[in-house]
Structure formats: C-alpha cells, structure tokens
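Read through the structures below before going on.
Next come two complexes, and both contain chain A; in the first it sits with chain B, in the second with chain C.
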Partner chain A sequence: MDFQLPEYNLQLMLPEIVLFVWALVVLSFDLATKRKSGSAVGYLAMAGVLITGIVLAFTGHGQGFGQMFVADSMAVFFKMIFLCAAFMAIGSSFGITKDKIVNHRGEFLGLMLFSTVGMMFLASSNELLSLYVGLELTTIPLFALAAFFKDDKLSVEAGIKYLVVGAFSSALLLYGISFLYGLSGSTDLLLMRLNLAASALMDYPKVAMVFVLATITILAGLGFKLALPPFHQWAPDVYQGAPTPVTAFLSVASKAAGLVAFAKIMVIGLFAYYDPFVAPIDWGMLVGIMAGSAMIVGNVLAVRQTNMKRMLAYSSIAHAGYIMVGMLAMNELGLASVGFYMFAYMFANMGIFAVVALIEERTGSAEIPDYGGFSKSSPFLAVSMTIMLLSLTGIPPLAGFFGKFYVFAAAIRQAGSDPVHQWMYWLVGVGLLTSVVALYYYANVIRTMYFGAQTDVPRIEFTAPALTVILIGVIGTVVFGLMPNVVVEFASQIPISDMIILP
Partner chain B sequence: MVPVSAYLILAVVLFGIGAIGVLTSRNMIVLFMCIELMLNAANLAMVAFSRALNVVDGHVIVFLVLTVAAAEAAVGLAMIITIFRNRETINIDRYSILKW
Partner chain C sequence: MAEHASVGIMFWILAIVVVVSGFLVVSLRNIFHCALFLMLCLTAVAGIFITLDAEFLAVAQVLIYVGAVSVLMIFAIMLTRDLADKQIPQTNKHAMLAFLGCTAFVLGIILVLSGTDMWRWAKTPLPVENVMTIGKLLMTKYVLPFEVISILLVAAMIGAIVLARKEKA
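Now for the complex of A and B:
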C-alpha cells in the first residue's frame, strides 16, 4: 500500500505557535519575578500579541496537516480581529486594582492569550474535530477569566453561569457533530458537504430525521455561543458580573469565534441545506427567526437597563442579530459584510469597555446614572465614548453605519435575487426599526454624561495602555467610517477563499 | 451482531437524560455530571458510526473529547469549590445576585 505522509506545512501555524509560547513566557515571567512584576507583565503580553500580528501578516496562505489546517483570507481576517481584541482587552486590564487580582496578573494574561490561541486555531480549522477542540480551548480559559475575582460574589457567579452554559452548549454542539460525522462519513467540512450532496440519504425519512436532530442541536449549541434568543439569557448576567476587560473580550472576540464556527459548520458544511427545496429542515429560516428575535429582544430589553455592562450585553445580543442577517445572505457581499461589521463593532465596543473599566476602577460603579457630570471631569473620555456609542448606533459617517449598511445591502440583494428568501426583507425591516430603538438607549448614556444630574464624579486619570486602547477605538471608528473601502477590500476576499466555492 | 441503530438509540437516551438533568437539577455537582453524560452520549454515537463506516476517525475523536472533558471538569470543579467558599452552597437556585 502506498502510504504518504500528509504535507504538514508547519510554517502556516507559526502565529499560533508564537502566541502559545509567548503565553507560557508570560506565565513564567510572572513567577520568576515572584509575582511582583506589576504592569511589566502586561506590557510583555501586549508585545506578544503585537509580534504575533506581525508574524501573521507575513505568513502566507495555504493548507497543512492534510487540509485540517487552512490559512485562507477568512482565517487571516478573523485572526486579526481576535488579536486586536486581545490587545485592547489586555490594554484595558492594567487598571485592575491589586486587591481584586491578588498577584495573579500573570495567570490572568496567560489565560487570555491561551483563549486567543484557541480562537486562532478555530479560525483555521477546516474540520469538525479541530473546530471543536479550538472552540473548547477558547471557552475553557474564559470560564476561569469570568470568575477571576474569586472574592467578588458577582464575578464568581458570572463564572459559574458561563461554565454551565458553555459546557452545555459544547455538549449540544458535539452531539450534533457526531451525527453529521455519521451521516457523511467524514469530519472534513468540504468532504462532508460533497458526501452529503452525493448520497440520497435525505430520501429516507428516518435518516432525514437524524439530520434534522443534528441541525437543531448544532444550531442550539451555536446559538448559546452567540447568545441568540432563545439562548441568550446567560449573556447579561455573565457580562455584568465578569471583570470588565473580560466582558469586553467576551463580547467581541468570543462572539467572533462563535461566528467563525457558525460560518464553518453551517455555511461551508451544510450550504446545500440552506435551500428549503433540498433540505428536510430549512435552517436558513430558523436562523432568520433567531436573528430577528435577537434584534428585537436585545434592543428592547437594553432600554430598561441601568447598568452599563448589562446594557452593553443586551446591545451585543442585538448586534449578533444584525451580523446574522449578513451571514444569512449567502452571496458575495454576505461574508464580507459580516467581516466588516465585526471589525467596526470591535473598535467601538472594546473602546467603550475600556472607558467603562476606567470609570469602574475609579468610582466602583458601572451604573449609568452615576455617569452624570462625567463630561465635566473628564471631557476627553466623554467625547471618545460618545463617538463610539454613535458608531454602535449606526450614525454616518462612523464605521458602524457602514457595517449596518453592508449587512442590509447583502440581505436585500439575496432577497431580491431568490424568491425563496423573500422573508429577508422582513429581517431588514426589523433591523431598521430596531436601530431606532438602539439610538434611544445609546443616546441616553450620552445625555447622562453631558446633561445628567450632577453626581460627584472624580477626575478619571488613565494609564498609558488604557489611553492607547481608547485612541485605537476612536481612530478605528472614525477612519474606517471615512474610508470603509480599505477594510471592505480586504474583507471581500473572504468568500473568494477556497471555502465558499460551490461543488 | 448488535445493529448500529441500537447504539444510536442508547446515545439518544443518554443524551436526553443528560439534557433533562442539566435543565432540572439544582445541585451543581449533579448538573456537571449530567453534562459529562451528554458528552459521553456523543462519544458513543461517534464510536458506533465509526465502527459502522469502517473508518477510525471516530475512535480518535473520542480520545480528544475525553481529554477536553477532563480539562472542562478540572476547571469546573475548581470553580464549584470557589463558589462554595464564597456562598457556602452548591444549590444553583441560590446563585441569583445577578438578575434583572
């Protein structure tokens, strides 16, 4: 028998290897300095993320490990988002006070880097097993991070809730994966798609039933990860209780990881069953309902929140809904618009959380009414926060506006080109209406900062890393709003990468 | 020879017991055991399919899933100990400071 070793192409994995080794270095550095390193270990971790980004930029495209590991445009684009989010989350974690983190800064940063490594592997996986392991490497450190302040009752409770939901959703996902593997005989996503299309399995009602079961459990698992209704209840609790930099990381990087997993399994693996005439279950419609309810539930419930982190949790549920609208429009614009939306959302959200973290460290409160008079004591922070909140709302010419614009344009094009998908007009309608609701609660924060009842907000002094993060957020929001084509050009290569080409 | 469908039905039953346990159990430890049961249901289905299809992928997957489950259990039990120190209960109904 002619047995050939697969081509490993280990150099494609270089960014992951660098970041993994760097995480170990960060851990050992903190130990070597007898846990007295203070903010030095933070700068070390930030440098590691930067270096990984540079290595990533110079690592070419290709595939290795017998097609199990692919580095295509989509993978590289999302890896950049993960690295940016990790950089900004680490930057905003400098201010965490000593009595909360109790000399465990090295572990905190190490876990964050490990989680980023998991996301990067997830983005490069082309196969169900490595996808599952990557997803677990992403979430398990996040459980510990959410509960990191172990003397803080809120943080530990958030961690335990995230643990239960995360482990439960992984089990659901794995169960669905096991059935997909059984039906297609392969864990390779492209082979899975070809095998499913070639066989006439769906003609047997019992097999079709198993397929429906697999699709539903996978959608439920991914729905939990993305916090799409009806699987969203955990998000506000976890976001409110977790340490603010971790919340920021959860709301951007972890959400992007969920999106990548969704794109891999549903869009690449089960593309054929997007068509209701072929599929025993129309998963496009199911996800459409989830996305629509995410926009409604997220935006409406955000209105009555008084805690800033909780409000941002509901707003992140709503944003996941908008992103799924783009994901469902499976044309050339679809995945590109998802990439751009995620990019714009990352800058604005990470920046806002950096400001929230600064205020919380100074005043110990993340309640919106406590922001009254904040613009007087720290005008720069107030202006930055206003810009980023307006971007999340979708006010032109900020980046968030173009994110929404591309997403809706992709959905309208899909609805117009295929009469089966006309329900997407409804999704776009819901999206436009709920954007108006979003304006109300974002503007409410701005109103409180500038005109709210004067509470005695002390002047917020900030560290250099936090300032960097906020500046990156503001500049990214404004620059990519004025010149969206820079990112769009990059993002528009996503669907052309070898993934979406139809058999 | 036991048909594949028998294994699959057992896997569905195990998964169902696990899922119902997660949704109804109020004890953190029992809840965690139910999640492990769900993972093992998936493992059983993998092995059954792998045997039926005459490929080894499924067997390999099971080892990796076991490893991941062990890591999850390690983190999970540590967190259960943390919250027990914090609240002196493992009844999840008591973990209700965070709500709207």
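Now for the complex of A and C:
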C-alpha cells in the first residue's frame, strides 16, 4: 500500500495552531488557578488573540495540505476581522466573567477562541469538506456560548433556538453541497467549477435542473447563517437572549464567517451567475431579492424595537443586506467593498455592544428608554456610542459611510456595465431609501441618551479592557472614515479576477 | 450486488421503513417511543447504504447513530425524571403548513432527481477495497478536515459539559 502524502506547509497554518493551543492554555489556566483567576484569564485570552494576529501578519501566502489549505489575501483579510472581533468580544466580556459566570470563565473564553479557530480554517478552506468542517467548528461553540447563562430563560431559549436553526441550516447546506459533488465529482472548489461547466456543456437541461435545486438549498442554508430574509426570524430572539459579548461576536464574526462561506461556494465554486453561456441559473436575482428584503425587513422592524439588543439584531439583518449588494457586484470593487463594509461594521458594532454590555451590567437593562439621561452620568460613553451609531447609519465622514458608498458604487458600476444587471439599480435605490429609515431608529437612541426623560441612571464604571474595546471601536470608526483607502487597497488585493474568470 | 433484482425490492422495503418510522419520530407523543423509532429509522438507513455497496457507511451508521447516539438519547430520557411516560404533543398550529411545505420540497426533489443521470461517478465501477480507499484518503488528501474535526469534538464536549454541569450554589 503506497501513501501519497501531500505537502503540508505547516508554517502557513501557524496562526490557527497558535490560537488553538492558546485556547487549551486558557482552559487549563482557569482550572490550574482553581477558578479564582479573576480577570487574569481574560487578559490571557486577549493576549493570545493579539499574538495570533502578529503571527498572522508575518505568515506568508501559499498553499498547504495539497490544496486543502490556502493562505491568500482574502483569507488573511477575513482572519484579521475574526481576530479583531474576538479581541473586542473578549474585552467586553470582563464584566460578566467577573460576577456572572465565575465557575466557567475559562470555558467561556476557550469556546470563543475555538470558534475563532473554526472561522480561520473556514477562511483558508479551498474545498467543500474543510469548508463545512470549519463552519461547524465556528457555530458549535456558539450554541453553548448563547446558552451560557443557564439560569436565564432567555439565554437558554437563545441557545436552543440557535442550535435547532444552526443544525437545520447546516443540513440544508450539506444537502445542496452533496448535489454539487454528485454533478462535479469533486469537492475542490475550482475543479468543481470546471467540471460543472463541462457537464453543463454536455447536457444543459439535465444539469441545470439539479443545479437549480442545489443552488436553492445552499442559498437557504447560507441564508439562515447570515440571517437573510425569509430565514431571519431566529436572529432577534437569539441576539436578545445570548450574553451581550456573545451577541456582539455572533453579529460580527459569525456573520463574516457566513460571508466567507458564501463567497467561497457561490462566487468561487459556482459559475459567475451572470455568465449567459454556462450559468444554468441566475442566482444573482435570488440573492438580490434576499438582500433587498433584508434591507427592508431589517430596517423597518428595527424601528419598532424598544430593546437595544433586538434593535441591533434587526439592524444587523439590514447590514447583511447591504453587504450582499456588494457581494453581487462581481467586479473589482465588489469583494473589496464587502471587506471594507465588514471592517467598518465590525468596529462600530463591537464598540456599541461593549457599551451596551457595560450598561446592562450596571443597570440590568438593555431597554432603550432606560438610557434616558445617560449622557449626563457617563458623557464619554454617550459620545462614543453616538459616534458609532452614526457610523452604522452611514453619516460621513465616518467609516460606515464609506462602507455603504463603496458597496453602492460597486453595484452601480455593475448595473451600468451590462443591461442584464439593470435590476441592481433597484437594489441601490432600496438601499438608499432604507438608510433613511435607519437614521430614524439610530438617532432615536442618541435622542434618548441626550434628551430622554431622566431616569436615575447611575454612573457607569468601566474596566480597562472595556475602555480599550470602546476606544478601538471609536478610533477605528473615525480613522478608517478619514482614510478608507488604506483598507480598500488591502482588501482589493483579493484576487477577484482570478476567482471569477475560469483559471 | 447493485444489479441484482432483489436489491430493488430490498430498497423499497427499507425506504418504506425509513419514511414510516421517521414520520412516527416526529409525530408520536411519547418521547421514549420516538427514540426507539429513531433507532429503527437509522438502522434502515444503514440497510440502504448496504444496497448501495457502501459497507463502510453502513457499519459507521450502525456504530455511531444506532449504537452511540440513540442509546445515549434513551439513557438521557430514562435518567430524566418523569420524562419517559409523559405525553408531549409535538405539533403546533403551523404543523399543516410545515407538512405542505415539506411535501412540496420533496416532490420538487423527486421531480428533479428522476429527470437526470448526470452524476459524475455513477458509471465508474467501485474500487474493490472500498474501506481501505476511504481510510487512505482520510489519512492523506483529507487529513486536514479529519484533524479539524477533532478540534470540533473537543469544543463540542466542553460546551456540552459546561451546559450540563450542575452549579454549586
């Protein structure tokens, strides 16, 4: 029996290995100190994420494990987003690890790091099997994290809902993937794409039918993961019930992971949807409808929410819609705009959730009316929150504005380049209109903080890590708003043209 | 094996068992009975794998799903007080809607799959040492996902223990 061992190139995987080992260290440190480590274990986890980031910055590009593991610009960019989000989520969890989950600090942080490792594997996967395993490693720790407050009914409900929805969506995704494998005989994304094109040339109608079925099931599976309508109903309940740092992590990092999975399967693995010759189904229109309804549903329903976490859940549905607009514009600007939007969204959202977590620890409430008079007792937090909310709204010159700007610019360029894409003008129109709605509910929070009825809001004390997170959020929002080209240039190295045009 | 006429009959018998027991799993009111029918359903799926010449999958199916997972479920049910003989309705007011939706989905799948024969490896003969080939691939080409699964299992185990553990007051 002969073994053909692939070339491992283990050094490319160094960031993942470091983070995985660090997660184990965090777990054992908490045990070794007999769970009395206090906030030390939190600092340890943050240090681990930082070190992984540094290692990642010095790890080169290339392929390992045959072609199973790819470290390219896109992978590195999204890995940076995952690590930043993990860093900020851990930083804003010091409050709950201090009093609420004293017995399981190590597990809480360890699971978060495991989930990040999964996202990093997902970003580097080059074929469907490791992509799926990475996606599962991302979500399974999150099920446990969402239900981490075991005595809190809402948290347990969040955990169960997320588990059921996550399992169901994974099953749908896997079902679709199995059809694609059946047609193409390969799990490798590029090979799959070539084989699909070849068999479509042989017998177009027969292939097209299965292709439609596979696309619909995959889109449904990924739609659940990204909380795109009509698969979004789980998001508000889960976001409200889960511990706030976990909600923050869910809304940013796991969304980015879903985007990576989408980009890999739909953009790299399948035909460019608009190619009239080989594409058996125009899935662009389907995704366009999902994105449009995400922007409408998310923004309109967010208006009615009185709970901050629920409101942010609906607004994150809307943001996923904006991001998908950029994803659909498959030109040079498309993926770069997605990357930048995700980057800007991460800073603002993680920062806001850090403030929400601080207030929730102090007052036990995440209801927006309870924020009244908050600006008097904690002016710094109120100003930071205002800046980040304005960025999410898309007010210039903050980063969120340029996120929307690039996304819409990419879509308009695509719509203008080809009459087939006229419908993208509609998508941009919906996006612009719903942004106005977004202004209403974000401004409502700001209005409550500054002019709301005075409740006796106590002064919010904050710890050094929480302050760091909020500062990162504000500085990131402002700096990348003033010079967005730094990120866009980095993100535009993502070799979109290699991916779209057949190799 | 796949050419033999009796295989077709076997498939239909197994398929009916899978569908009927699967339906009972989601409709019976006693959770213990549901778990038993789940075992039957999974065993019949293992039988279908055998008719497809996928012995390895069949054995893994019996070992993991019938042996480990279902037995654990039955343990959990029996060790939870007052659960084994409780009557719990499994449906809510959306049951009919869900049933119709699923039926439409299944009919769509049948329609699509019966109209195609474009499966790439379907006409290629199977390798003789099926299990050995799977083992070889898992250790060479697919060693990365294989290893990542072990991280996944560690994470799942930690999560499960944290959630199931009884907290000290």
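In the analysis below, the second predicted complex is superposed on the first by the 471 of 503 C-alpha atoms of A that agree within 3 Å, B and C clash if a C-alpha of one lies under 4 Å from a C-alpha of the other, contacts with A are read in each partner's own complex, and residues count from 1 in each chain.
Everything below uses one rule, namely that a residue touches a chain if its C-beta (ideal position, glycine included) is under 8 Å from a C-beta of that chain, and two chains touch if they have at least 3 such contacts.
All values derive from a computational prediction rather than experimental measurement.
**Student:** Output check: A:Lys150 vs chain B and chain C. Expected answer is one of first, second, both, neither. What do you get?
**Tutor:** both
**Student:** Quick check on the superposed pair: does A:Gly182 touch chain B, chain C, both, or neither? Answer first, second, both or neither.
**Tutor:** In the superposition, A:Gly182 contacts both chain B and chain C.
**Student:** Regarding the shared-chain residue A:Val356, is it in contact with chain B (first), chain C (second), both, or neither?
**Tutor:** After superposing on A, A:Val356 lies clear of both chain B and chain C.
**Student:** Have a look at where A:Leu27 lands relative to chain B and chain C in the superposition and call it first, second, both or neither.
**Tutor:** Only chain C is touched by A:Leu27; chain B is not.
**Student:** With the two complexes superposed on chain A, say which partner A:Asp203 touches: chain B (first), chain C (second), both, or neither.
**Tutor:** In the superposition, A:Asp203 contacts chain C only.
**Student:** Regarding the shared-chain residue A:Phe69, is it in contact with chain B (first), chain C (second), both, or neither?
**Tutor:** Touch partner of A:Phe69: chain C, not chain B.
**Student:** Regarding the shared-chain residue A:Ile140, is it in contact with chain B (first), chain C (second), both, or neither?
**Tutor:** Both partners, chain B and chain C.
**Student:** Just to be sure I read the superposition right, which of the two partners does A:Leu129 touch: chain B = first, chain C = second, or both, or neither?
**Tutor:** In the superposition, A:Leu129 touches chain B and chain C alike.
**Student:** Quick one: classify A:Ile160 as touching chain B (first), chain C (second), both or neither.
**Tutor:** first
**Student:** Considering only the contact definition stated at the top, list the common interface residues of chain A for chain B and chain C.
**Tutor:** In the superposed arrangement, which is not itself an observed complex, chain A uses residues 129, 132-133, 136, 140, 143-144, 147, 150, 159, 182, 185, 210 for both chain B and chain C.
**Student:** Inside the complex, what are the residues of chain A that reach chain C?
**Tutor:** 1, 3-6, 20, 27, 65-66, 68-69, 103-104, 107, 110-111, 114-115, 117-118, 121, 129-130, 132-134, 136-137, 140-141, 143-145, 147-148, 150, 159, 182-185, 195, 199, 202-203, 206-207, 209-210, 212-213
**Student:** Considering only the defined contacts, which chain A positions touch chain B in the complex?
**Tutor:** On the chain A side, the touching residues are 129, 132-133, 136, 140, 143-144, 147, 150-151, 153-154, 156-161, 163-164, 167-168, 170-172, 174-175, 177-179, 181-182, 185-187, 210, 236-237, 240-241, 301, 305, 310.
**Student:** For chain B, which residues count as touching chain A in their complex?
**Tutor:** That would be residues 8, 11, 15, 18-19, 22, 28, 31-32, 35, 38-39, 41-43, 45-46, 48-49, 52-53, 55, 57-58, 60-61, 64-65, 68, 71-72, 75-76, 78-80, 82-83, 85-87, 92, 95, 97-100 of chain B.
**Student:** Any idea which chain C residues touch chain A in the complex?
**Tutor:** Against chain A, chain C makes touches at 108-109, 112-113, 115-121, 132, 136, 139-145, 148-149, 151-152, 154-156, 158-163, 167-168.
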